[in-house]
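In what follows, subunit A forms one complex with subunit B and a second complex with subunit C.
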Partner chain A sequence: MLKKLLKNPKALVGSMIILTFVFVALFASYLAPHNPNTQVLSKRLIPPGWSQKGNWEYPLGTDALGRDLLSRLIYGSRVSLIIGILGAGACVLIGLPLALLAGYYRGWVDEVIMRIADVFLSIPGLLLAIALVALLEPTILSVTLIFTLASWAWATRTIRGEVLKIREIEFVEAAKAAGAGNLYIIARHILPNTVGITIVFTALWVAIIILFEASLSFLGFSCSDTSWGWDLANGKQYISTAWWISTFSGLAIFLVVLALNFLGDWLRDYLDVKLD
Partner chain B sequence: MSAYIVRRSIYALLTLLGVTIVAFGLLNLQPGDPAALLLGPFATDQGIQALRKELRLDEPLLTRYIAFVGNLFRGNLQSISFKQPAFSLLFERFPATVELTVAALLIAAIVSMSTGIISAVKRDTAFDYSASALSLFGISMPDFWLGTMLILVFAVFLRWFPAFGHGPVSFSQAVILLVTKGDFQNFVKFFHHLSLPALTLSAHVIGVVTRVIRTSMLEEVNKEYVMVLRSKGLAERTVVIKHMFRNSLIPVVTIFSMEFVKLLGGAVIVETVFGWPGVGLLMVNAINARDYPLVQAGIVFFSLFFVVVNLLVDLLYTFLDPRIRY
Partner chain C sequence: MSRVKVSGFIGVMVMVLTLIGVWGERGFQTHLAQAAEEYEHLRIGLSRDVTSLDPLGYPSLDRPEFNVQQCMFDLLLRRNEEGKIVGHLATDYKWLNEKTMRINLRKGITFQNGEKFTAADVKWSFEDMLQSKRSPGLIGAVKGIEKIVAVDDYTVDIHTTEPIPTLPSKLSCYTLMVSSKQRANVDPSVYANNPIGTGPFKLVEWKKGDRVVLERNENYWRGVPKIKKLTFFTIPDASTRIAALKSGTIDIAVDIPPSLAKELKGVSDVEITAVPSVRVNWIYLRGDAPPLKDKRVRQAMNYAVNKEEVIATLLEGYGLAMNQAVPPSFFGYNPDLKPYTYDPEKAKQLLKEAGYQKGFSVRFEVPSLWEEMARAVAGYLTAVGIDCKMEIKDLKAAYADVLERKASPMLLFSWGNWSLLDIDGTLSDVFGCEGKWSYFCHPRIQELIKELRTIDPQKRQKAAMETERILHEETPMIFLFTQYDIHGKRKGIPEFKAREDNTIWVNWVKGDK
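On to the complex of A and B.
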């Protein structure tokens, strides 16, 4: 697998960006040149190091409160990473069992689960999320739970589609004829065959949740004082005088999401999963 | 066929019922006193008591839910900050959101159909590779960042487009002015304001739809009918556009309808970035003002739209592919 990954340029670039991102998040306190929250008001809105009025002490410049943008971006990677992984993990944790039940048993179990899923699929997730987060105070836990609530249905629907296909394959019937119980069939025959789609879904969903978190922060509901979306929103007020704040924080979000999409795309081809 | 329509309509009604429960639960099923939450940290006890009475919070949950649904469907749900019925506010703002989403969809349809078809026909060429890379860019681009960057380049540096707002007239007003008075200026002004937000909103759709069209077209390439059409001497153009593309339309229609609805949600962000006075901006302002009745009405409004569009799309399938019978 690793050999094939190294041969595909998209997958290679994607995984390298992701590894860098994880590395930066893990060692933020060693890598950041400044404290991300220290305000030096005499050094407000300094442009990036390479520009004329720049200063290499602040390689990417400073924001409106004189905080070092590079350090803020380095620390901001933590929030994106944690929420992305927790949120996508929680979605799969809820979505996978429900998908197995709905897709395998069909009938009323399927009807009940999918009708509830329909409700959540029909509500714009971002709107539900900001409406809830404004009431509940954003913390890492509450934001993760809210994303899960707003998006578990997508996991359920995607994986259920796969389960429906698997249960029609002959080996399931053979297992039934051999007298295997339902739970045994689900655990032994269905679940292993959903691993591919679950992995691809998770990779793409981490990207979606990172975008989601950034959107939420952009709208002013950030669960941390260092978040890329939050910096982007603050930078937008100074867009005509200090272009670098919004530009670099958005670039960070874009790169990570792009890398996850590259990797997810490759995983989809490699694991031969069809995602609709 | 009619049994299918009946069943689908029942599902749609059930979904809407579920949505009203979620919208109601948003305020009433979470821990904490809704009145205290709505009034925020600086509320006085009297204020909370008064609001509790206004929201009838001392009555049982079920009674309140029934009253909520009743108000909702009679259009009586009152916005707290505007002191107006919530639905009339939503309908007032809806045209601006429709202008934006329809414009974004049109841009996306033109760009992604041409790119998707060419990519599939010229598979594995430089064009195909760059198109697929660009579609992934579109999918990964946070819309609030793209919007901000477009403002930076086209409004701040180049000063070609306005950075903010909707301009003086709506699309329908602009058309009326153009037809009745030959007023071209307002018509141009409308599109001048619309350009950047619509472009921002379309990026993601372009990415998604281009990929779907390409895959869907590639599935047709090796089918026998294509060979038959070619061997009977039809021009390649006709084969591709009239036959292959038409046969690959079903997934395209599905994805377009899904994206249309996602766009309405995405409008929340884009409208905030550009100060576009649509439903999305109304929702963000309502949430910031803790005007939750308006938010609840908004949630129901969006899902109602989603459910109706989905129902229509399902019916459209039978026209696109006469082989589909329910």
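On to the complex of A and C.
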């Protein structure tokens, strides 16, 4: 697998970026040159180190309150990573069992689960999230919960399609003929075959949730002091005089989402999964 | 699949769209004549939509509405360029006694439909404001008026339930006069689209959410207006407003945020006009529970914040540090009070005396609009050991919290003084025991509020000085700063200036200096 990964430039770049991202998030407190929330008003809006008025003490410059942008990006990666993984994980945790039940049993079980999923699919995710976040205080946990609520149906729908395909394959019939119980068949024959699609889905969904969190922070519902989306929104009003604030946070979101997509694409080809 | 990719490029798309938006504006050419003798077409970019053109029928007293309406309607009195109250539809006024004001109306004024303007119109306008359910904001502005008596066609007496020393101020803001005959016979909803006043401009076209187009009233009683055609555009985004001004799509861009004012400096044919306005920012310190109950703690918080640095940086110099309830230009400002200059050591000392040498943690509610300012302030408080737990809220939600007495111990807020430029417009509402926006109750202040309600200027002056002294000592707020009104304008419109009462005045007539 590693060999194939190394041969595919897109996947290679993608996984490098993600590895860096995870590394940075894990060791944020060692890597960040400053405390991300220390504000020094007299040092506000300093441009990045390489520009004329720049200062290498602040490699990517400072924001409107004089906080080091690089440190904010480094700490911000934690929020993105935690919410991305927790959110996508929770989606799969809910979506996978429901998809197995709905896809395997069909009939009324399928009807009930999928109609409920349809209701959730019909509500625009961001809108639902904004409505919910107005009710709950935005914390990492509540925001994760909100994303899960807004997007579990996608996991269910996607994985169920795969289950429908698998249950028609002969080995399932053979297992039935051999007298295996329904739960045994689901656990031993169906579940292992949905691993591919689940992995691909998770990789892509982490990207979507990172974007989702950034959008929500951009709109002012931030669960943390250091969020890429929050910096992006905050830098917006300074874009013509201090381009670096929005640019670097936007770039960070862009790169991570792009990398996850590259990796997801490659995983899809590698695991030979068909997504609709 | 494609969903993921599309979302990935949203950032890029937003930037491209912004660029298209900015450059698209350049298609227009300016129609502005260079000579100050007359303006062919003046175009003003407002920061908010105009919700109503009916001076008696809009829900809150808000600037965009008033600024457009005062082009078509007139006030009884007005503030001139120096901020002095002068006659307008009224030639003059005098107090008959503490509770009665006599107003002499100017003769020979007609509405745009040819009807004469008389005392009956004044009476009708005020009575509608007093009864109107449509405009709660206006009811506040005319509160305390008992009845209006038309003595003869050109003399009106205003009787009030208690002395209202700020009545001249109130008559020079908000209370526009409408035609009784025309107004009484027309359904309010129809009237909103067909406003007819005595003012210098007539309505040509109103596209809701987009623009209001006016043309000059050649028969205006003060003379021929200088501006032939006047258009108000609604451009809510400040950057877009600035781009429109730079590109020549508009001639005046109002309400430039301090952080963006820089963008107008060094642009060849554009300049800034700015003045300290009536609007101030402060942080409520609720004294109903410890630790903020102790006035030494509240004073410490005032000393802990480096207001001058916040003004110099975040506000780009557009601000005045405050140490009392009203800014220097107001009636009631006490010049003898010492400023709360930045002194973290003194702050720590005061906290120690109050028994909080280890500091404390406090909830701090902030409307998202002022988040940056709040974070700056919180940074200074952290430095002396006060840990602020920020709660960012929507502006409307924060308003509701104040009104419903649910605000956190600290809350960042702003106050516009009803544009009265008098301590009265702040005192009872914000510092009175029963004030709608108040978290403060002090027995002596309560008495002083009453003492200030007299038409004798000397007694008022004395009461105001004592009031400010107490407020300075008690500091129920972290007094932050007075905001500036900042507008951008094309060079060659010398008449246009930012005004301290927060209004936009373009009703210039030929012969005005």
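Simple rule for what comes next: the second predicted complex is superposed on the first by the 276 of 276 C-alpha atoms of A that agree within 3 Å, B and C clash if a C-alpha of one lies under 4 Å from a C-alpha of the other, contacts with A are read in each partner's own complex, and residues count from 1 in each chain.
One rule holds in what follows: contacts are C-beta pairs under 8 Å (C-beta built on N, C-alpha and C of every residue); 3 or more make two chains touch, one makes a residue touch a chain.
The shown structure was predicted, so the numbers you read here are calculated from the model rather than taken from an experiment.
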**OP:** Report for A:A11: first if it touches subunit B alone, second if subunit C alone, otherwise both or neither.
**Re:** neither
**OP:** In the overlay, answer first, second, both or neither for which of subunit B and subunit C A:R44 touches.
**Re:** second
Original post:
Between subunit B (first) and subunit C (second), which, if any, makes contact with A:A64: first, second, both or neither?
Top reply: second
Original post:
So, does A:G250 touch the first partner subunit B, the second partner subunit C, both, or neither?
Top reply: both
**OP:** Applying the touch criterion given at the start, work out whether A:D118 contacts subunit B, subunit C, both or neither, answering first, second, both or neither.
**Re:** first
**OP:** May I ask you to decide whether A:L127 touches subunit B, subunit C, both, or neither, giving the answer as first, second, both or neither?
**Re:** first
Original post:
Touching A:F262 in the superposition: subunit B (first), subunit C (second), both, neither?
Top reply: first
Original post:
If you stack the two complexes on chain A, which partner ends up touching A:I146: first (subunit B), second (subunit C), both, or neither?
Top reply: neither
**OP:** Of the two partners subunit B and subunit C, indicate the one touching more residues belonging to subunit A.
**Re:** B
Original post:
Looking at the overlay, what does A:C91 touch: subunit B (first), subunit C (second), both, or neither?
Top reply: neither
Original post:
Overlap of the subunit B and subunit C footprints on subunit A, residue-wise?
Top reply: 207, 211, 220, 239-240, 250, 253-254, 257-258, 261
**OP:** State the interface residues of subunit B toward subunit A in the complex, per the touch definition above.
**Re:** 11, 14-15, 18-19, 21-22, 26-27, 30, 32, 37, 136-137, 139-142, 144-145, 148-149, 151-152, 156, 251, 261-262, 264-266, 268-269, 272-273, 283-284, 287-288, 290, 292, 295, 298-299, 302-303, 306-307, 310
**OP:** Spell out the part of subunit A that touches subunit C in their complex, as residue ranges.
**Re:** 39, 41-42, 44, 64-66, 204, 207-208, 211, 220, 222, 234, 237-241, 250, 253-254, 257-258, 261, 264, 275
Original post:
How about subunit C: which of its residues touch subunit A in the complex?
Top reply: 1, 3-5, 7-8, 10-12, 238-239, 257, 259-260, 262-263, 306, 309-310, 313-314, 368, 372, 375-376, 379, 392, 394
Original post:
Quick one: in the complex, what on subunit A touches subunit B?
Top reply: 115-116, 118-120, 122-128, 130-132, 134-136, 207, 211, 214-215, 218-220, 229, 232-233, 235-236, 239-240, 243, 246-247, 250-251, 253-254, 257-258, 260-262, 265, 276
